[in-house]
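Below are two complexes that have chain A in common, paired first with chain B and then with chain C.
Coming up: the complex of A and B.
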């Protein structure tokens, strides 16, 4: 499918965000864009590329807002303790002066940091998908897929929404096609549900999502 | 020093677990080879740095003096409480106290049983440090005062033996004993992984296990591959900022190191939580070694030092790490469920500022118990033709000694920081039963020894690089070309 056709289909596709819930944060996007936005052909790398890790708390807050989840349900280890601000707090750049004697953030991300970040995203994305597939009529992202529409257009609409909500921008055409195409790499049962989780996880754990 | 009180059951996680139970009945390239004096069979040796935080004074343990031997103003014990340990140069002190300094809690501290049991593996190395600042002195205890390009003992051992280990160097404490070294030429895997809480840290060893409705491992790998191979490399963010050190490091960590950790399925091997029903409901299980660990460390769920030791054992046993570092907290651990039961005084050995004799006795008992239990456990793990203990060295690293003097005849007094001291090392790899150097009864100060023979040499002092070199050499780490002294007196055979 050509990029032009793909974009046209998206233009014509219905909005994939069927949630009744309205974003409460005024800075949150309020409408799902319908076309990918390609970058300029030439991008100049920063000569002084300084970035900062969001840290667990901010990351989880962003996920909660983007996926329309309550902050407290984003990720609870063993159902009882918050991943970002308790269990994986130090690995994710936090301090733990009173209990762990950790007075300064670790100088470098430990091996467990990206794993912990994945856990938060896996938890939140899985919850979002399960919830939407359980109640398609009030789904936030995956309503169409939950109702059996696994078309390229439906998936494209979901990807547009995920980029808008999680990265606050439109995907490029290449990004859109890549995430939509992930569906075709999956075998077995429950492909819509599984793809819904994986698309979310892949986008939510990009470096762009975790650093600023 | 912080001295906030830490109470057992303080962690929200454990509190929440308790509530839940009631309701439902975690490559670089080696620049040059290190091993010209390689391990005899090429297999690894293991280093445990047991931080005796706050100043563990040898005059209060294996170098104890009798009052009849010393001036009344030098710290010594009543003659009858000091035992000579047969066949060795060691002494031990068995004491009982009515209080731990100002804390009205009677306790007994028996050292003789431990020293008698471990005498063949125990060695004392006298030396004089270079700092009485806790953080600086702790760092120098593991770098030998930057003796070898600023690398730490743990990093050197990890660089030598850790390739292929998922997490070769793990720090279970965040004190100076866990300082990052300065030698960036070491392979990245040599630098330590910090564990803030041993009870819950293993949950960070897998991206999906224990999460309800999570994708399968194969599916998650597809999402990661899409992210790593397509989305990130193609994003404008990465094209602009991709050379940022933090991003490069992040991408590295989520590559081979992460894959190595997850491939071993460590999460189930290392979980110490004793909540089988709850764990089971999340598809997890506690370590098979938990019963044995609870036997040795019965308070591991409430005492952070015991939890560190338990996880340290599992990391070594499961070949996750070749060096671990642990240390008692600088915060008070108080079990207030059964009267006043202090497990760890505030600021650990440094509580000696309040009352030296009781604080030292209490803390020596604490570190000896943990070292003994670790050695017992490692002796049960077959390794080669022997056990893991046969290839392990426990270094009782400490900041410094304590002042040697006291008010004439006093039995209770506070002490300050003193450079002169020594270190206890416990391992089948060292000259067991030996005190390398000696002690001047007139002053309580230790003196040095001949590096070849170990013979005491009054009037001399050993230094931090001597201890640093001797430990590495006992662990068969090649120190040729490092500029470190050769200290054959510290190694066996």
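Coming up: the complex of A and C.
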């Protein structure tokens, strides 16, 4: 990985935000922060970066925890086989020692890896949005939008929450504005529902969400 | 600093030598002693920190073609050196010293500086890593809260995130990250997290991290599996092997048990997978899963039913078994000419495979004496068992001389009486400790140790042997604090 790419990831890496939430258990979310955090004008890149792909299993675990889904429902091909640990396991850095003789992760990610990663994110984000829009009163993220509030503030709260849960940091001002503004670039039916899915997918498929 | 370069005359000689090198036969330039000979001269350099150098230090990928550094050495060696290893070794040091000031690969760094720093003097793409230090100005910027990770020193939020992902299988919560940024004892928090994650299913369960580290060593095949979920041709249950492997690396067990255990381990599934030691076979039915080697002849993972039926099979002299053990547990792949330590008088060629031919003897002078201790362990054809008269059963097919194959052999230059002795010598070797730590380093850092990381790597495997009394978990508490792992 180039120093420049690593610098970008550093720029976007979690920053101390001083959340007011009381940590309770390891899976408990913090209270959604309300203001973006901007990076300093200069960044000191790593001298020896060891940035690594999370792998399909960890990535799916993180989506499940971040989006408050059961791990088993994050992504199932044909409604049966887990995307991360069965169908796309080898493409996403896993092994298949017993049947395929793949004893170690592939040295290079295959061309299907990003497609498989997108597949998992689309599945998980869609499920979260559909569930929230079906039961707005108990929604995890999209309750306000599901009840008709599509204001900039409502969308901003969603973006702040998604960054908090998926990337473990606050968005920068530019990121916040970009994702909130995505709503205005869409047209067609069911804009709140579609924006909710797309906002989640946009954040969940960043380099930062897939690497550590 | 101006780097000494070969003179024009020397360069011309070098090109002639390269041309000559490309035309000589492979065996003529397969001088396995060279890799150790070089490190005898440069024992304290980073290039030799992990043992003998690889062939591509002097060759273009592998013998016989020489790279520019090999070419330079060739120009300094007597003409008969390539035919006679003794002449070669006796002249090697002078040749090495004579080329120290050259910059053979033209990367601007002298051969000696490259050897000292651990990069390859014959490969322009291999150069010493830049010193990873921050200026005061950089350090001030990197430590700002809004900078994200602090790239100039251990960043505990970064470290906690890596430990949680690597050992627990998921990212920490935002609350965890916020807590460690303000913690009075962030080191303690990291230790607590690691301790908890070392007991996670992600780490020690079936198909977990530890389990998968063994795949290449055990080489399972579902079609041949016995026991639970058997395949169509059940020959052995490799899950016994996995269980012993995982057991040896949890709860402060002695990792050397991989090669010395005279017990088996049974995996017990549940909310929390556990591993139980047992002196008998973990499974008694079906018989295809039964472990049949008597306790006093057991040698950890080298005498399990799966190892014997899969690697030894019907072979009189199980060179495949020995090579697999050498590769898996000591890190030497003979197929890549690694770990060659020829034994005088070998190979004898007890099975008449023409291994004394020059091109074969290069490896077989090491491999055959490595293999003799495996000859008394039967695989297929009679089933896994220890039989001190096993070689007598091959005289009809291999000739009467096969019965003369000794059980004693040589490992790492040390005579070993039998396979139990082989396991003991291997487990106590530096190569074993290096291999254990290297497996985890590659898994957790992402690459083999670089020259800049060699010192930390060396400290880890030496501490594994002494300070940590071969406890992998104790070693891991140190590994996560290395700069390679903890500094973003």
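FYI, the second predicted complex is superposed on the first by the 185 of 212 C-alpha atoms of A that agree within 3 Å, B and C clash if a C-alpha of one lies under 4 Å from a C-alpha of the other, contacts with A are read in each partner's own complex, and residues count from 1 in each chain.
By definition in this document, a residue touches a chain if its C-beta (ideal position, glycine included) is under 8 Å from a C-beta of that chain, and two chains touch if they have at least 3 such contacts.
Not measured: the values here are computed from a predicted model.
Student: Can A:122 be said to touch chain B (first), chain C (second), both, or neither?
Tutor: In the superposition, A:122 contacts chain B only.
Student: One more residue to check, A:203. First (chain B), second (chain C), both or neither?
Tutor: The first partner, chain B, only.
Student: Quick check on the superposed pair: does A:58 touch chain B, chain C, both, or neither? Answer first, second, both or neither.
Tutor: second
Student: What is the contact status of A:164 with respect to chain B (first) and chain C (second): first, second, both, or neither?
Tutor: A:164 sits against chain C, while chain B stays out of touch.
Student: With the two complexes superposed on chain A, say which partner A:43 touches: chain B (first), chain C (second), both, or neither.
Tutor: both
Student: Which partner, chain B or chain C, is in contact with more residues of chain A?
Tutor: Partner touching more chain A residues in the overlay: B.
Student: Quick one: classify A:77 as touching chain B (first), chain C (second), both or neither.
Tutor: It touches chain B, and chain C stays clear.
Student: Applying the touch criterion given at the start, work out whether A:109 contacts chain B, chain C, both or neither, answering first, second, both or neither.
Tutor: first
Student: Quick one: classify A:139 as touching chain B (first), chain C (second), both or neither.
Tutor: Neither chain B nor chain C is touched by A:139.
Student: Taking the two structures together, which residues of chain A meet both chain B and chain C?
Tutor: 39, 43-46, 49-50, 52, 97-99, 101, 103.
Student: Once bound in the complex, which stretches of chain A touch chain B?
Tutor: 39, 43-46, 49-53, 75, 77-81, 86-91, 96-103, 106-116, 118-119, 122-123, 126-127, 129-130, 172, 174-175, 178-179, 182, 185-186, 194, 197-199, 201-203, 205-208, 210-211
Student: What residues on chain A touch chain C, complex-wise?
Tutor: Residues 10-19, 21-24, 26-30, 37-40, 42-50, 52, 54, 57-58, 61-62, 65, 95, 97-99, 101, 103-104, 164-165, 168-169, 212 of chain A touch chain C in their complex.
Student: Give every residue of chain C touching chain A within the complex, in rising order.
Tutor: My answer: residues 129-130, 132-134, 138-139, 141-142, 144-149, 151-152, 157-158, 161-162, 165, 169-179, 181-182, 212, 215-216, 219-222, 225, 445-447, 450, 452, 483-485, 487-488.
Student: Spell out the part of chain B that touches chain A in their complex, as residue ranges.
Tutor: 2, 4, 6, 10-13, 16-17, 19-20, 26, 167, 173-175, 180, 191, 193-194, 196-197, 200-201, 203-208, 210-215, 219-220, 222-224, 226-227, 230-232, 234-244, 246-247, 249-251, 253-254, 257-258, 261-262, 275, 278-279, 282, 284, 304, 329-331
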